[in-house]
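Quick notes on the structure that follows.
In this document, chain identifiers A, B and C correspond to the written order of the chains, with residue numbering beginning at 1 in each.
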Amino acid sequence: MSLEFAATVAERGFEVRLTVGAGETVAVLGPNGAGKSTLLNLIAGLLRPDTGEAVLGERTLFSLGAGGRRSWSPPHQRGVSMLAQEALLFPHLTAAENVAFGPRSKGVAGGAARTLAETWLDRVDAAALADRKPAQLSGGQAQRVAVARALASDPSLLLLDEPMAALDVSAAPALRRTLREVLADRAALIVTHDVLDAYTLADRVIVLQGGRVVDQGPTRAVLDSPTTPFTAGLAGLNLLTGIAVDAESVRTDSGHVVRVRPTEAFGSGARVGVAVRPVSVSVTGEDPGAPGEGMNALSVTVTDLEPRGDLVRVRGDELSADLPPAALAALDLAPGSRVWFVFARSETAAYPL
Amino acid sequence: MSRATASYSGVPRWIVAVAVIGAAFVVLPLAAMVVRVNWAEFIPLITSPASVDALWLSLRTSVISTALCILLGVPMAIVLARTSFWGQKVLRSLVLLPLVLPPVVGGIALLYTFGRRGLLGQSVEVLGVTIAFSTTAVVLAQTFVALPFLVLSLEGALRTVGTRYEAVAATLGARPTTVLRRVTLPLVLPALVSGAVLSFARALGEFGATLTFAGSLQGVTRTLPLEIYLQRETDPDAAVALSLVLVAVAVVVVALAHQAGESEGLRFWRRRSA
Amino acid sequence: MSLATKLTTALLAGGVALSLAACAGTSSSTHSGEDTTAAPTATAAALEGSITVFAAASLKSTFTELTEEFEAANPGVTVELNFAGSSDLVTQITEGAPADVFASADEKNMTKLTDAGLIESSAPVDFATNVLEIAVPPSNPAGVASFADLADPAVKTVICAPQVPCGAATLTVEEATGVDITPVSEESSVTDVLGKVTSGEADAGLVYVTDVIAAGDAVEGIEFPESSEAVNVYPIAPVTATENPDAAQAFIDFVTGEVGLGVLAAAGFGQP
């Protein structure tokens, strides 16, 4: 079943139009406050928009035009279930009773609901947990049970609100695998911070910023070849923009000429984007002089240092580099330092904008 | 127990001293009463027909009042905690008023509502129901003063639990009534129990409103507190003995409420650690 | 444990102090007693100090009025008044409350104090009587006319519980006349009975004449001859431990004197 959605919420500056095709999984990316949760709550029926219309399959979720017929159906009639950051399993029910909750609410008899629950628990590898109370489950186990619960109610659309965000790093891969299986032929909308989720789970990506859709398209196209610094940031890429000098070099907006590897052909004079991973950029404190064939060296001023996991991100004017702390210490870097960022032509991806 | 010795509490000694004085202030009068009990006559005193009638009436009416409190108080708490409407704050204050109102004032108010010449009394009388001087009047008085306890404790619990579980249940296809029955109420059950126990205790101790509104007749409207008040006129020993019975019932009730509160705390802790 | 011991000690100490004071009071009273007999006119002129009068709650308006007149007549004397139920007052005096004069609403409570030796057995003087009267709401909706009418179950009658004086009096009248009232409520105070009548909840209530008069227009009073079966007598007496026996006696004389009788009669009290 497919979703056609358009809604505005004036109070939150929210104005979004989107579609989710039948069997399609769409990832919604965006910073905090972009309107991702508002979007899910509007679709689930937990929030009422000012205007807009949403149709899921044959069913009108809401239709709130300026004039004409106004309708709004409550959450329990929408066939939309939601999986949140926290599992939110009902603490007084066992795992199996939690999973059976949806079917029971729709009038499935006790025995049949229990069987259905066991089937779904089995599909998420949680059959052994059937009789445990939520308090006896780990975070990853609880989230798997929550997935089973969300699917057991046979939703036309599944909403996932950062389902992996509250999990241990060790528990996330198993759940990601489970989700990948169950989302395969299902209409779903997954809100995430993590591009890995988008790559592994989503067919298509929508980027929200300030309550508007700023970018959208097939996952790889959007994330591998970002067209805005914002999407590049989400994808964890540096984005240099400039004008093509020839088929393999670009003069960036700040005047550097870099040698690039085109992923799509462009002619000289075209406006071009160049994506470079920060880990592919190395930093040197001494002028490398004329770099070797296939290398680029850009003179930059360090603006900021930011720890990211076991690397430190060194931000320059239009580029960032990820360095191990030991390398950072050897260079004695601080904001204001003059350094050279060095990266290979082969590590770049250039495409017309 | 080992936790108490291991962790630093940092309570100043003078706080402990004042707390001890405060505890003594509460416990001493009870102890003084126990000292005054005429133990030789204790059993005959509390098993006299008047005493047994009063105790039985008190228990009966308090149970009915508690049931009424649950019946009316649960919807009130839900509306106060889960909806917002114009004048809600004012309404909440009004609903909680019996908590701070002198019970006699409550009795007078009930009189002017359900009395023979009251706002509703006349229409009720037309239906063949007389409330004045009946056990019904006792139940009304007790419900009036006890209701806020249930509403207050339940509303707090509903706010603490939040609406997230309810939202999940709704998206799973549960109608609002199903959500209430299978999710909301089980989640706030400990608070409901402790609120009901508090309401029961308040109903059991009700005196002023009953005296003003219901009257005092053995077996019909003379509850245990009224019996104690009356016995004091002629037979202080009986009054003290009955007071002790009331204290004993109250202690049991408070213990139950405390236990319910504990299990609520435990559940919350488990949820947090999960 | 040690706290309890300390408290006991404190209480004992208080008790000793109290009995010492009582002794002092007694001795001074003997002295002043001699003075009184020696120079009666001089004492009457030189009356001063303050006294505390413990009086039954039903005497509140009359005694408040009498006290004002007494203080006007004796500018050197201040009178503190303490009103409560007679049995409460007895408890207070027994526990050592500083009373100089005790005015009881019945003889039974006065006897408790004379038995306890806190008032000399010959001291109490009867100064007023009170009888029951039927109180009905202003329009007398149930048409009550006599004591016997109260036996009609259709008449909602409220009486005092037998444990309190007005209830005891009601029981006495019932037994003497053979009229069997089935009350809808037995209240623990006259105020509660009156409250039920003034609010219209009850058709009739049995209270004292003085209560009916004090209630003004809120109720109508219906006298009945059978009330003479239970005449309530109010005794007054100085407390033995008083430190100002002259003023105490002067107050009692004032109450039982011409002014006192007038004020009491106006309030509905009878003369013993």
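Going forward, a residue touches a chain if its C-beta (ideal position, glycine included) is under 8 Å from a C-beta of that chain, and two chains touch if they have at least 3 such contacts.
Computed from a prediction, not measured in an experiment: that's the story for all the values here.
Relative to subunit C, the most remote chain by averaged C-alpha coordinates is A.
Among the chains present, the centre nearest to the common Cα mean is that of B. Here the CA centre of subunit A is 52 Å from the CA centre of subunit B. Per-chain Cα centroids separate subunit B from subunit C by 38 Å. For this pair, subunit A with subunit C, the centres built from the Cα atoms lie 87 Å apart.
Residue positions of subunit C touching 2 or more other chains: none. The part of subunit A that touches subunit B in the complex is made up of residues 44-46, 74-76, 78-82, 84, 88, 90-92, 101-102, 105-106, 134-135, 137, 139, 142, 149-150, 153, 159.
Interface residues of subunit B, counted against subunit C in their complex, comprise 24, 28, 111-112, 115-117, 132-133, 211-212, 214-218, 221-222, 226, 229-231, 233-235.
The touching residues of subunit C, when paired with subunit B in their complex, are 3, 7, 85, 87, 156, 158, 161, 163-164, 183-188, 192, 195-196, 199-202.
Here subunit B touches subunit A in the complex through residues 164-165, 167-176, 178-179, 182-183, 186-187, 189, 267, 270-271, 273-274, going by the rule given at the top.
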